[in-house]
Amino acid sequence: MTQENQDPSVPPACNSVVNSAAYCNGVRVAYVPVADLEDAWKHSDRFLWVGLYEPSEQLLSHIQKAFGLHDLAIEDAHNAHQRPKLEVYDDSMFVVIRTARLADSGEHRMEFGETHVFYGPRYIITVRHGSLTSHIGLRNRCEARPQLLAKGEGFVLHAVMDFIVDQYFPVLDALQNELDELEDAIFSGKFVRSVTARLYHLRRDLLALKQAVTPLIDVSSHLTRMSSNLLPADTRPYFQDVHDHVIRIADLIDNLQQLSHSALEANLALISVAQNDDTKRLAAWAAILAVPTMIAGLYGMNFKYMPETEWAFGYPMAIAIMLGTCCFLYRWFRKVGWL
Amino acid sequence: MTQENQDPSVPPACNSVVNSAAYCNGVRVAYVPVADLEDAWKHSDRFLWVGLYEPSEQLLSHIQKAFGLHDLAIEDAHNAHQRPKLEVYDDSMFVVIRTARLADSGEHRMEFGETHVFYGPRYIITVRHGSLTSHIGLRNRCEARPQLLAKGEGFVLHAVMDFIVDQYFPVLDALQNELDELEDAIFSGKFVRSVTARLYHLRRDLLALKQAVTPLIDVSSHLTRMSSNLLPADTRPYFQDVHDHVIRIADLIDNLQQLSHSALEANLALISVAQNDDTKRLAAWAAILAVPTMIAGLYGMNFKYMPETEWAFGYPMAIAIMLGTCCFLYRWFRKVGWL
Amino acid sequence: MTQENQDPSVPPACNSVVNSAAYCNGVRVAYVPVADLEDAWKHSDRFLWVGLYEPSEQLLSHIQKAFGLHDLAIEDAHNAHQRPKLEVYDDSMFVVIRTARLADSGEHRMEFGETHVFYGPRYIITVRHGSLTSHIGLRNRCEARPQLLAKGEGFVLHAVMDFIVDQYFPVLDALQNELDELEDAIFSGKFVRSVTARLYHLRRDLLALKQAVTPLIDVSSHLTRMSSNLLPADTRPYFQDVHDHVIRIADLIDNLQQLSHSALEANLALISVAQNDDTKRLAAWAAILAVPTMIAGLYGMNFKYMPETEWAFGYPMAIAIMLGTCCFLYRWFRKVGWL
Amino acid sequence: MTQENQDPSVPPACNSVVNSAAYCNGVRVAYVPVADLEDAWKHSDRFLWVGLYEPSEQLLSHIQKAFGLHDLAIEDAHNAHQRPKLEVYDDSMFVVIRTARLADSGEHRMEFGETHVFYGPRYIITVRHGSLTSHIGLRNRCEARPQLLAKGEGFVLHAVMDFIVDQYFPVLDALQNELDELEDAIFSGKFVRSVTARLYHLRRDLLALKQAVTPLIDVSSHLTRMSSNLLPADTRPYFQDVHDHVIRIADLIDNLQQLSHSALEANLALISVAQNDDTKRLAAWAAILAVPTMIAGLYGMNFKYMPETEWAFGYPMAIAIMLGTCCFLYRWFRKVGWL
Amino acid sequence: MTQENQDPSVPPACNSVVNSAAYCNGVRVAYVPVADLEDAWKHSDRFLWVGLYEPSEQLLSHIQKAFGLHDLAIEDAHNAHQRPKLEVYDDSMFVVIRTARLADSGEHRMEFGETHVFYGPRYIITVRHGSLTSHIGLRNRCEARPQLLAKGEGFVLHAVMDFIVDQYFPVLDALQNELDELEDAIFSGKFVRSVTARLYHLRRDLLALKQAVTPLIDVSSHLTRMSSNLLPADTRPYFQDVHDHVIRIADLIDNLQQLSHSALEANLALISVAQNDDTKRLAAWAAILAVPTMIAGLYGMNFKYMPETEWAFGYPMAIAIMLGTCCFLYRWFRKVGWL
């Protein structure tokens, strides 16, 4: 218990067994040291729930021997960087799920972790990799509902998956907020570089999320349709519920992906519109300035016989012509919408 | 009855039971208070049609106990934000449909709501969330056709779905009109920012609609092919009809999505064409103004021996050359299409 | 007969029964008034072929009673705007096909119509909506091949579908011609607005055609694989032939869609290339004009001691320098390809 | 034999029977005139291989009667413009394959033709349309391998398909070369119009090829999985081989399509980069020229009291300031990369 | 053994038999010359593992005769340029896998090779084409695990596939690094041509990789589900492991493809933003320079009566006006963000 109550943001480096307990009728009845796991599993009808964090190879071999787990599953559980998957063996299952959470720094960047689950009759072993959020909350929540926990390891598997899947929603909310901010920036007409860069990073995050979630659809659908006796039939609606959540997450990601692409296209179109507007404005002002310059040049010519230069009111007249032309041009450009 | 006749745009905050009645042979025979629902269902052969609006958790538990509904369905019915789906249990079904309507403000923005339906032998319970359009019209229409209503709860389920699905058509008409207006704006050559922004919002709305409608295809198709005895066989052509409508809505959305994308591309191309035209026009006018400026500069030089400046007709000649060059350039630019 | 021989472009407003005849051994044996249809069908072994144009509700109810048609099919047949589909009932089928033809005005704009077919043992009823092209030619062509017409209503169904599907080819030819013209316009370097607008309308037309044709693939494929005794087995290769045509039309539409998209992208790329070329040309001419202007400004300065201005050949020398610089710049810009 | 040895690029206009021979144990035993085909087929155990080129309707009817072919297949064989397909009848098959070759003119433009094959027990009839490459080489190659030819008409069908499919590879090589040339042109920075036009035509060719090849995947896959006794089981690996080739061709086309799209996008991006660079260069030179022009204008002012104009070194000083500013600006623009 | 220990980057030109050995109980028991392969296979229960490098036709025919391999597989094994595939014959399999590695030159360009495997009871023959990386490491690694090697040829097939598939990961890491570098270049705002060219080549490499890997998914999935007795059931989890790796590689490629496309779009958007910024800056400076030029032109006019020119402080006043206007404009442009 005490091990689990430590600060969850510090990975338990020295000891990778986060918790290991036996449950009977939905109530935790004993703490089981790793050395006694095999005995506790084989010689009682209690079910065991073991939580590990980045275990060493030695610890995993010990666990493997205790529950007779498959070589390849143990190899996978030791190396992170697995794709979410569900391996069904004769009398056990191996589930890999990726976890996602927002990094503590404020840039909406995500941290991915992995949770591997060994599941068999009367035992469930969870192995966390990289994910800083521990499962304390989860275990407490399960223990608070003994009538459900009494259903055994199938319910715990559902609870673990539900817990991890629900962590995707705040991540998606944050990305949705980021997109909303970007939309505002785009349609307010500020085409700064950071908007494009943020859109790109948003799309990269969405791609990473999608790759974490898409294989989960198959995993949860498989668990829903599974006709093995590893999972009691009455847990199926619960896995169907997880499956619905995963589908909704995939839908949300898809939606955000398409919206962010539309936003990028809108951004490009608006940059073009702005460029067009600026070109017109530039052209209009250039014309307004060019005309008096040309008239001034005209009266700057050194011809001997230029009647206007002799007139008393030649100079004010020239200034008047210049001002008049500029005013006329200004009004005309306003009318045609170039200014 | 009176509760249902209130202004439909004001959600019944105090009382979430909109209506609760028993029907026999297609005719409403009694108002059934919530407290009596269990008795009325178990001890008679009438079928019950209960309409709720955003019910409290207490009310839902009561309903759950009365009809023996599944925990997870009740949990879903309490929380909105479900994806359209159909859950088939042993002796009941749970259907989630999303409703869509145009907001009252004139911006063609949509409001989504949800209708959840619990359906079983001799009962149908509808739970509305967020959707302001009540089902009064629906109930009145059903009661006006007692020969169909006599077919029982299967017909009511069809009527609810048909009612909700048909509400998508005016929404799509409004979006189609919006796109028609945008097309006119685009091809009239006004590349204002609002066109791009409106196209973006149109596409966002279409995306939201698509996410509401796409899962309905599976739901309606499932209801059409269902071989359970929950739905009488003679209702199948009616669900096939709903399915046809859903498919047509999905087709229309798809069409609008592709058209709006084509419109965005056409918009971008036309902006480029306009920019190209404006650049040419700008260049042409710059050239027309630059030439007399250069000639004026020429005769503004202070060389002692410049024969032209001594001539009596030097000044008019210079003016004539300037005007001539300008005219020539103007005509030439017109000919090559730059002006 | 006389009703059918009227000008096909004027819809028969007063009388919506275009033709109604009984056939025996491939030969038309009698005109059957609508009132006698039920008797003629039930009490003889002739098959009936009835052609309607936008019938009234009354007429449709009469037909429904005569042949025992399904409510929903009759409702669909009264309302146009159906999606192409095939409904198979116990002893009858209902087929909806969309027709397409070019509008008489020269803009390659299409008109869509609908043909609904009620088909059952010894009867076939066609209901046209909106489509101005009558089926006279079709009936005449069928009656000219009595050995095939003798195969009964299955052959007529094939003939109707074949007739409608073949009308898509001239429409596609016209769109292909339009695209060829647009290609020429694009690659000739004229980036006028109309090209983009025409490309957009071409793509809109293709989208509309695709939505009319795509569901037909399922309809014709279903008719080919149908194992009901509604369709004699020896008509299957004929429906396979219709299916092949529909697939080819869908292929052609797909091809045109992708080509028109490529053409739009090529258009955009060429506009960019042209803009780039024009910018360079503009820059080159600006430079050529700016240099003499600058030199002229130089000698327009009012310094007391400017040796060149005192020279006898100062002025021609200045002109020579200006011309020389311009010539040099002109050649250099030609060499680097900016002019 | 002599008919087949003529120049293959000239279609045999007068006589459309290219060859017609009977084979026994893999050896050609007799030339069979068209008139005797029926007898030769029915009254011997030799198999017949007939090659036709754009046959007349009369000839086709004769062939139809001789081998009892289906009306619709004969109709298809008379009209070209079929989609590749495989029709399986009770005791025969009809295969349509499109042929592709490069036109003799050097523009990498393709010519499509069609080969239709009627195939049944002890006969195979090939009908060529439009394709100028005759099958002589094919027949010679088959006759050179009597041990394989002895396997009968199944082997000939494989040989025909293999022969046609292999003709796609040189076409694809030519298109790959074209793309390589275009890549070089794009990345060398020459954004001439022809590059875009050639890319467009390349994509159009690829689209046409894809439409010719894609349906072949189904045809060859069907032949591989076919459980009819029309094809001996030991030919299946051979059709699997054809299928592998078709899949590889489809892969290559797909690859070229995606590469050509990437090349178009790269082209657009590089045009934008170039435009950006040219705009900067233009701006830099405009600034360098504008500064001395402004200074010259300054000293061109006609104020009475302008001390500098009275100085002996006023003029050289002004020139020095101008040159100095220009040099400074030039260096500065080089440093920031605008020049 | 000695043959295998030569420098792996030099293909064994003279002798294409890299190794040929017999194994018993997981231990290499004998070197088997090619001439004795048939005897060694037929008359003992050892399994044979033969490694060839670009074998001659003669050698392949010898091998074919020794193990009774299929003609078409031998033909494929002689020609490289096959698509990855799995051919299952009655008592043998033929597997084609493409290998990928980075070229030694530093440009991240890939070299593809092929490994063909003939697999049957008690023999496995690997044929390498083009791939310079020999399988020495592989054979050593297998021989170091005799308990696994004792499982026979199924384990060797798994080891070969695992070895080749794992070589894709460093290639993908290199491409990921390339993309990271390109991202940095793009968002640092340097729109040099090389970025676009490198992005294009990255996408071309990814396309090539995808075409090598995609068919492997089917191959590995087929091996996992295979119900033939060619593969012992206990090797299935191992092929599942290979399948997982292939899927992960395909995922990574897909991810990189989408990211590189997003990067290209971001690049285009940023070029447009930069162009817009540069246009504004250009316009601002042009305006700042144009105003004093115009004022100077004004006082350069030669009117007799221009009061300002007579003033003692006319000149400094003009200069002051010019400087004032420029300062004002500069500040104003800074404020609106154009400078």
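Here are a few things to note about the model shown:
Per-chain numbering from 1; labels A, B, C, D and E assigned in written order.
We take it that a contact is a pair of C-beta atoms (placed from the backbone, for glycine too) under 8 Å apart; a residue touches a chain by one contact, two chains touch by 3 or more.
None of the values given here were measured: they were computed from a predicted structure.
For the pair chain C and chain E, chains touching both partners: D. Common neighbours of chain A and chain D under the contact rule above are E. A separation of 27 Å divides the Cα centre of chain B from that of chain C. In terms of their C-alpha centroids, the spacing between chain B and chain E amounts to 43 Å. Each of the following residues of chain C touches two or more other chains: 268, 272, 274-275, 279, 286, 290, 293, 297, 300-302, 306.
Contact residues on chain B toward chain C in their complex (touch as defined above): 183, 187, 189, 237-238, 240-241, 244, 247-248, 251, 255, 258-259, 262-263, 265-266, 268-270, 272-276, 279-280, 282-283, 286-287, 290-291, 293-294, 297-298, 300-306.
Those residues of chain D that touch chain C in the complex are listed here as 70, 72, 82-83, 85, 87, 89, 191-193, 196-197, 199-200, 203-204, 207-208, 211, 264, 267-268, 271-272, 274-275, 278-279, 281-282, 285-286, 289-290, 292-293, 296-297, 299-302, 306, 308-315, 318-319, 322.
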